[in-house]
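Everything below concerns the one structure shown next.
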Amino acid sequence: MSTRTANPMWSALASAFRTNKTSWVGFVMIVLIILAALLAPVLAPADPIEQDILRKLEPPSAESILGTDSFGRDILSRILYGARISLVVGLASILIASLIGGALGVIAGYVGGRVDRLIMGAMDVMLAFPTLLLGLMIVAMIGPSLQNLIIAIALTEIAPFARIARAPTLLLREREFIEAGRALGFSDLRLMFVHILPNIVSDLVVMGTLWMAQAIRTEASLSFIGLGVPPPTATWGSMVREGFEHILDAPWLAVLPSLAILLTVIALNMLGDGLRDAIDPKLRRE
Amino acid sequence: MSLLSVSGLTTEFRTDAGWRAAVRDVDLEVGANETLAIVGESGSGKSVTALSILRLLPEAGARIAGGSCLFEGRDLAHLDETAMQAIRGARIGMVFQEPMTALNPTMTIGNQIGEVLVRHRGMPRAEARAETLRLLERVRLPSPARRIDDYPHQFSGGMRQRVVIAMAIACRPALLLADEPTTALDVTIQAQILRLLKELQRENGMGMIFITHNLGVVAQIADRVAVMYAGRIVESAPVDEIFARPLHPYTRGLLQAMPRHDRMQDLEPIPGAVPSIRETIVGCAFAPRCPLRIARCVEAPPLDAVGENHAVRCWVAAEKVPA
Amino acid sequence: MSDGLTVSGLSKTFVSGGGLLGGPEQRVRAVDDVSFAVEEQGSLGLVGESGCGKSTAARCVLRLIEPDAGAIHYADIDIAKAGRHELVRIRRRIQIVFQDPYSSLNPRRTIRQTLTEPLRVHGVCAGREADERAGQMLSEVGLSRDVLNRYPHEFSGGQRQRVGIARALMLEPSFVVADEPVSALDVSVQAQVLRLLADLRDRRRLGFLFISHDLGVIRHFCKQVAVMYLGRIVEQGPVEELFREPLHPYTRLLLDSSPVPDPAARRDLSEETGEVPSASNPPPGCAFHPRCPHAMPVCREIRPATTSPAPNRLVACHLYG
């Protein structure tokens, strides 16, 4: 009988949780946030876009736990639904960015020479722009919508993923198993994406967690300046902006969604840092 | 009177299964002018023995769990770090496999050797430089006056090892501890370094502990040999004796497994593999791989004297040769 | 054309640096006009110290490194001129075993994936049949079939090397290039792997190009040997004869420097024999002359031609010119 043994990457991730309390806390927080977003229709006490002008700017009370905004919409409900936007934008943009950036980095590192200089040169140009500015330019060009927001944020984060993927590719390329693959007649594409890529997925996962926090911040910032998902859809960024107009008379309007952003970003950073600490020494040793 | 006398040395490492011994109950004696070779494969505990004597093991993950190392009237196993620092590099010289670990890449070789002389021998700078030059000449570094201000990376592996040797003998140590000093070098360079070490030993009357996995090198340089397996000494004898009359089945196995270039012989591999440090060893550690295994091997055999200076840790071998 | 492997005039120069910011250009003649032949089912040892070009020469034979010049033939195939399509054919006939068992297996792939992948890529078979072949191969190299689902990190160095050998044999090649296949292993395990390679050679009628720095290993495994120094073959011939009676002074130095496990055979090398010169700036004439006890004025100027002073022996030295 053959026994299935653990894939070394997953066992590294599992031991990250076992040995690192911070990443465990971050993981639990993220799971809770995701659950809250998924269960928003069940958890939300009210419709997030239904206005009730008579009940506008109410402070937290038994009726609406976190109060209402200037259109009388329930803030708790809006935060719960807003989590969906933030998470979808964060996750989708990171998936796109890591796929494209990871592939570009592997190609640059594996092929080397002129291709490497061309790809990494382009990445350096992209890195030279502040993320927010780049996102702003792209959204301004293609217009604000959920889909465009995701594309814009993904584009701003390709470069860091390309860098993260290229460095280990340069090392792996020199390993004898790649040479063995060439001797066995494997194509370059197979060597890059079947042999090298799985060896750097854990680096990309760690990076993805950290950059997802960045993506959520970018989304909030773009929404804050009115270039996010158009109203009346609830997003954390647009809630902060709307709340800002009443920062003196109803501070909870801006503070509560800000807190939601803060918590999510902190949770992702805790998770990512913990994963990185756990994975780095283990995988480098091999 | 021996220079270094190790007895009952036991060193343990922290593993995920708790503290496990990497070196068990090791006894060693080295006299002035004498070369003791410790030979074994990876995981035999030969390097850990050397690092234990020098107290260079990481404190968090390793500990000396028992035994003593008497050297010039003091027990190294119980000295504090300050006292050890005065001994390391001064009374005991060290040469390791990878010369770059012993050299500071940002300092010229002249300054590094000079610093040893200033610190341990209290020489004024100018005198230290003259002595450094003399040492580099002695280890036959080509054109030392021109190269004394070069950095380590500007030398080949063999030349770097010469520089490390110059540093190791700078304070005229009583004992030289060499851990696989020629393993990273090509054979023609290895032969030169072995010869140099022999010469220096003769000149200074040093005792030398030479750690290696290579039986050929042992035959070249050793006066006495200790064979280690799974943390224990399994056989010890003078060099001629151990090659002419190897008794422990592991020693015999090693000799039969080593292909020689000077004659054709049938290779006889030792089956199986060295036990890992995590395994709990009951009885003789070599028994699972041993062709002579008997029922009694579930008990741990003692290191029995079987002749003049010849001792073997094996029930079967010790019985065949009455003491 | 003979049936085995013939290499003639093989050369490879590596260029580094140069260009706008690359610093001074360095040219290293790693392999310089190297010729040798391995008979069908024969085994040639390529021996030399680090940097002598033996690994580069071996990789050129497989076109893992593109040679600059030279002809390489194996059976009916012109390897040096082979196009993309023909190279794939060559991959099924000639395989390679590497030195480092830790770097030669992909840590993310199971033994099953490692062994069946060549079969799938070459369209030999897949699925259950491929698994069956992988299992058979594992038992042939002395491992249990049960390990198919394991990852390399669960194995010792010797076991990994067996997996590496199994992978090389999956496509049923007729010739194997072995690049220091036992150098990273402990003595007791080294003998196990050497014996395995010899068994496989006999059972599968394999030809071998066997690269090693260890004269003992070469003597044990090979019938013929070629000694390399600074990119060139300085001497070749039958192993027994060549080790008993070396002709080239470098071969003699190599033999004298290689220790044997016998204290009675202690040698005291009376001469200082110098360092290996840099391959980027080799000495003119015979590259060995600065270290040679027999160096003559001609050695400093003229590169010695290869001559045959005795049957089956070739040497590149002015002593035999």
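Chains here go by letter, A, B and C, matching the order in which they are written, and residues are numbered from 1 within each.
Throughout what follows, contacts are C-beta pairs under 8 Å (C-beta built on N, C-alpha and C of every residue); 3 or more make two chains touch, one makes a residue touch a chain.
What you see is a predicted model; the values in this text were computed from it and never measured.
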Farthest chain relative to chain B (centres taken as mean CA coordinates): A
Busiest interface, counted in C-beta pairs: B-C
Cα-centroid distance, chain A relative to chain C, in whole angstrom: 49
Distance from chain C to chain B - Cα centre to Cα centre, in angstrom: 32
Whole-Å gap separating chain A and chain B, where each centre is the average of the chain's CA atoms: 54
Contacts with 2+ other chains: residues of chain A: none
Residue ranges of chain C touching chain B (in the complex, touch as defined): 49-50, 156, 158, 186-192, 194-195, 213-220, 240, 243, 253-269, 272-273, 275-276
Residue ranges of chain C in contact with chain A within the complex: 59, 62, 64, 87-88, 91-92, 95-96, 98-100, 102-109, 117-118, 121-122, 145-151, 153-154, 164, 167-168, 171
Partner chain C, residues of chain A touching it in the complex: 1-5, 7-9, 175-177, 179-180, 182-186, 190, 195, 198-199, 286
Residue numbers on chain B that touch chain C, as the complex places them: 41-42, 140, 156, 158-159, 186-192, 194-195, 213-220, 222, 239-240, 243, 253-262, 264, 267-271, 273-274
